[in-house]
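Presented sequentially are two complexes of subunit A, the first with subunit B as partner and the second with subunit C.
Our next item is the complex of A and B:
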């Protein structure tokens, strides 16, 4: 009987919390809202050490934290969320840690595709950015399956960067552009457009060619990049895309990043928005 | 070097006064950097977006750059400063273009400190230009697409004028703006960023020491673990 009443109270509190959040987000959205937020999930291991958890547990906690933050972002109406989950540089860590992370990746991707997760709740489209061939076979297969399973969803987008660095992304884009141009030239299918950048010097690449071949081709540039744990560097994340992005580096470690921190991040963005917009219009010219 | 105009506005002065004060700060920073053994400095003087500013301000800046280069050439030679200019020089007035070539040429053998000045510069255009150069090599059969690496791009960037220091260790942005604004996008992949609310003309020795101390306290891991 006591257990039932405790469950009832928890249900009511849960509902009240969701109502409060809804009201809070509505108030926040009176001001300009970011369309795309990117996160560098830094501090999982330091968190595990701080809480005396066993090795590897920090990343598990980090994942649970991610699901919660994603829910808040999508409830706020953010259309695109990108997360830096695993860099190409991270492959240089100890083999046990890398193996553990590959296994965790596969497990969590599979979990996300189950029923009653945020993927179904919000109709998320999942994308994986990076050199996916570098992943372990099971992780790569899981990633490709997730992309295929959610390709026809119409909700917001979650882009997960794995085996990713921005410089590698740019190199892959130029490789693709060059190969395409070369094939088109060989087939004689490259008609004359009257545009000197495309005609004549057939090896010439335009900015549009490059941007079309980046992993982020269908995605607007991020409005905010949040790197947790207080570190102030990009670590080879979205270098091309972040030229006008508001960079934030809150002190909490990733598993400690809370709703309060997210609200603060958006308030900071809203504060500088007029200056940003003027610059963005200048860049677009 | 952000904040010259806002510094001037706060004092009821025209923006030209802000830029002149900014130049004095730059001179001081170059001097301190040389004294403290910093081997390379890159400064963002004028971005490709800045061409949209009022004509009077743009003309003033171009004249300021010319006067600074003319007056400082002697000092560059005395102090062993190697000067390199990056950015789209074709947009600059012809007299400035000529002066830039002369200064770069006359200082190329100096070895005390390298100063790269970015004028009419855009990080995205720089990367695109590098990619176009590489694409030309592919078209000419000098390089296969599959063999393109990050080093090829680094070598084609304008900052390769000083190949010993391709990537900055520390990037300082003044005036409280928290973003890169199209500056050294490729090169700052692992750069430690330091943001300060101080306007550039007010940035002094104490602020510089604060930035460097902050840098010294950072733990740079480059994606790996430090045990």
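Our next item is the complex of A and C:
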């Protein structure tokens, strides 16, 4: 009897929480909402140390936080979310830690593709940005399977940066641009649009050529980049794409990042939105 | 310090997307303004806190801020919003402060190149070619390098960012096309980050990677600072240029000296 009444109370509280969240999100959407939010998931290891968890457990908790935050973002109407899951620099960590992270990555990707997850609830399209050849075989295969399985979904986009750095992304874009330009020159199909940013000088690479070949080519630039744990650097993340991005660095470690922090981040963004809009209009001229 | 002007109020009309009764829109709008009132009050509190702290530092009451250890700070970048960059008096004052602290290399940046037009002329007349060459960067790599007292100053803008990388890419492409071999034409070029770094040097778009970047403007944003040079730079928002304070710069330098980076390890 007591168990049944506790269940009933939990159900009512759950409904009240969802109702409150819905009202809060509706209120926030009175102002300008970000289309694309990027996260640097910093602080998993420090969290594990703080809570006396064993090595690797911090990343597990971090993943659970990620799923919750993603749900809030998509409920808010954010169309694109990008997360910095694993940097090329992270390969320099201890081999057992890297191996553990690769295994965790594969496990969580497979979990996301199961029924009754946010991927199916929101019709997510999952993309992986980075030099995927550097991943372990099982992790790479899982990533490719996730991209193929969700390619036809029409919902919001989750971009996961693994084996990624911005400078590596730029180098790969240069390589692709050079290949394309070389092939176009060979075929004699080089067409000029009249826009100097598009054409560059004859036979040279333009900024637009490079942007067409970045991992983020079909994604708008991020409106906000949030790095948790209070750190102030970008650590080689989306450096090219963040010209007019609001950079935020809240103090909580990633596993501690909650709805309250996300709401605050959006309020801060709305506060400076007129400034960024004016700068975007200036750039467009 | 005008605290009210430091905190921007945002006025956005109710969007048409809401298919809701007017009364509900009014209630939501009121709640939205309350949330933003909370944000602005928090910023005001933070401004008062910074004001008190900078007063304490400038009175020399905090000993730890008096002896700055700047061994790790090889170069400092200052990003200024282009509108604020027109205030050349403040820019010159900032450079004097940075020189007095002992900064050896400063990279001045604004999006539209206002600093190149305004400060450049003054610095050109001050730059003395007999001065000790800059040890932070090879002067041949950098097109706009000046000297002020014991400090080297580089001035760049948005044109030195993405377009600089595109120039380096074109350089690599032209080098690649010099190779007539069949293998070259079938496979993707095998460039590395070192190749791109060397191409940036060859095209005059290279430069030092700043350890610390100070942003003067309404928001924390690097405004298109060259991406290749921002990999591990600590980015700190300093507020508006018109409200800049020497003590806040000292505090920022002190906080930087306590930072530890593990570079992904």
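Operating definition for what follows: the second predicted complex is superposed on the first by the 267 of 285 C-alpha atoms of A that agree within 3 Å, B and C clash if a C-alpha of one lies under 4 Å from a C-alpha of the other, contacts with A are read in each partner's own complex, and residues count from 1 in each chain.
The working rule: a residue touches a chain if its C-beta (ideal position, glycine included) is under 8 Å from a C-beta of that chain, and two chains touch if they have at least 3 such contacts.
Worth saying up front: this structure is predicted, and the values here are computed from it rather than measured.
Overlaying the two complexes via subunit A brings subunit B and subunit C into a clash.
Once the two structures are superposed, subunit B and subunit C can be ranked by residues of subunit A touched, with C on top.
Once chain A of one complex is fitted onto chain A of the other, the partner contacts of A:32 are limited to subunit C, with no touch recorded for subunit B.
Legend: residue contacts after superposition of the two complexes on their common chain; A:270 is shown touching subunit C, with no touch to subunit B. In the overlay built on the shared chain, the residue A:174 is in contact with subunit B and with subunit C. Of the two partner chains placed around the shared chain by superposition, subunit B and subunit C are both touched by A:240. Within the superposed three-chain model, A:121 lies out of touch with both subunit B and subunit C [touch as defined at top]. Judged by the touch definition given at the top, the superposed model places A:22 against neither subunit B nor subunit C. When both complexes are aligned on chain A by C-alpha atoms, subunit A residues 87-90, 92-93, 165-168, 170-171, 174-175, 177-179, 181-182, 185, 201, 203-205, 207, 210, 232-236, 239-240, 242-248, 272, 275, 279, 282-283 touch subunit B in the first and subunit C in the second.
Remark: subunit A residues 26-32, 87-90, 92-93, 165-168, 170-171, 174-179, 181-182, 185-186, 200-201, 203-207, 209-210, 232-236, 239-240, 242-248, 263-264, 267-268, 270-276, 279, 282-283 touch subunit C in the complex. Of all the residues in subunit A, the ones that touch subunit B in their complex are 45, 87-90, 92-94, 97, 165-168, 170-171, 174-175, 177-179, 181-182, 185, 201-205, 207, 210, 231-236, 239-240, 242-248, 272, 275, 279, 282-283, 285. Contact residues of subunit B toward subunit A in the complex are 49, 52, 123-124, 127-128, 131-132, 134-140, 145-146, 148-150, 153, 177-182, 185-186, 188-195, 218, 220, 222-225. Those residues of subunit C lying in contact with subunit A across their complex are 8, 10, 12, 14-15, 28-29, 31-32, 35-36, 38-40, 111-112, 158, 161-163, 165-166, 168-170, 172-174, 176-177, 185, 188-193, 195-196, 217-224, 227-228, 230-237, 261, 263-265.
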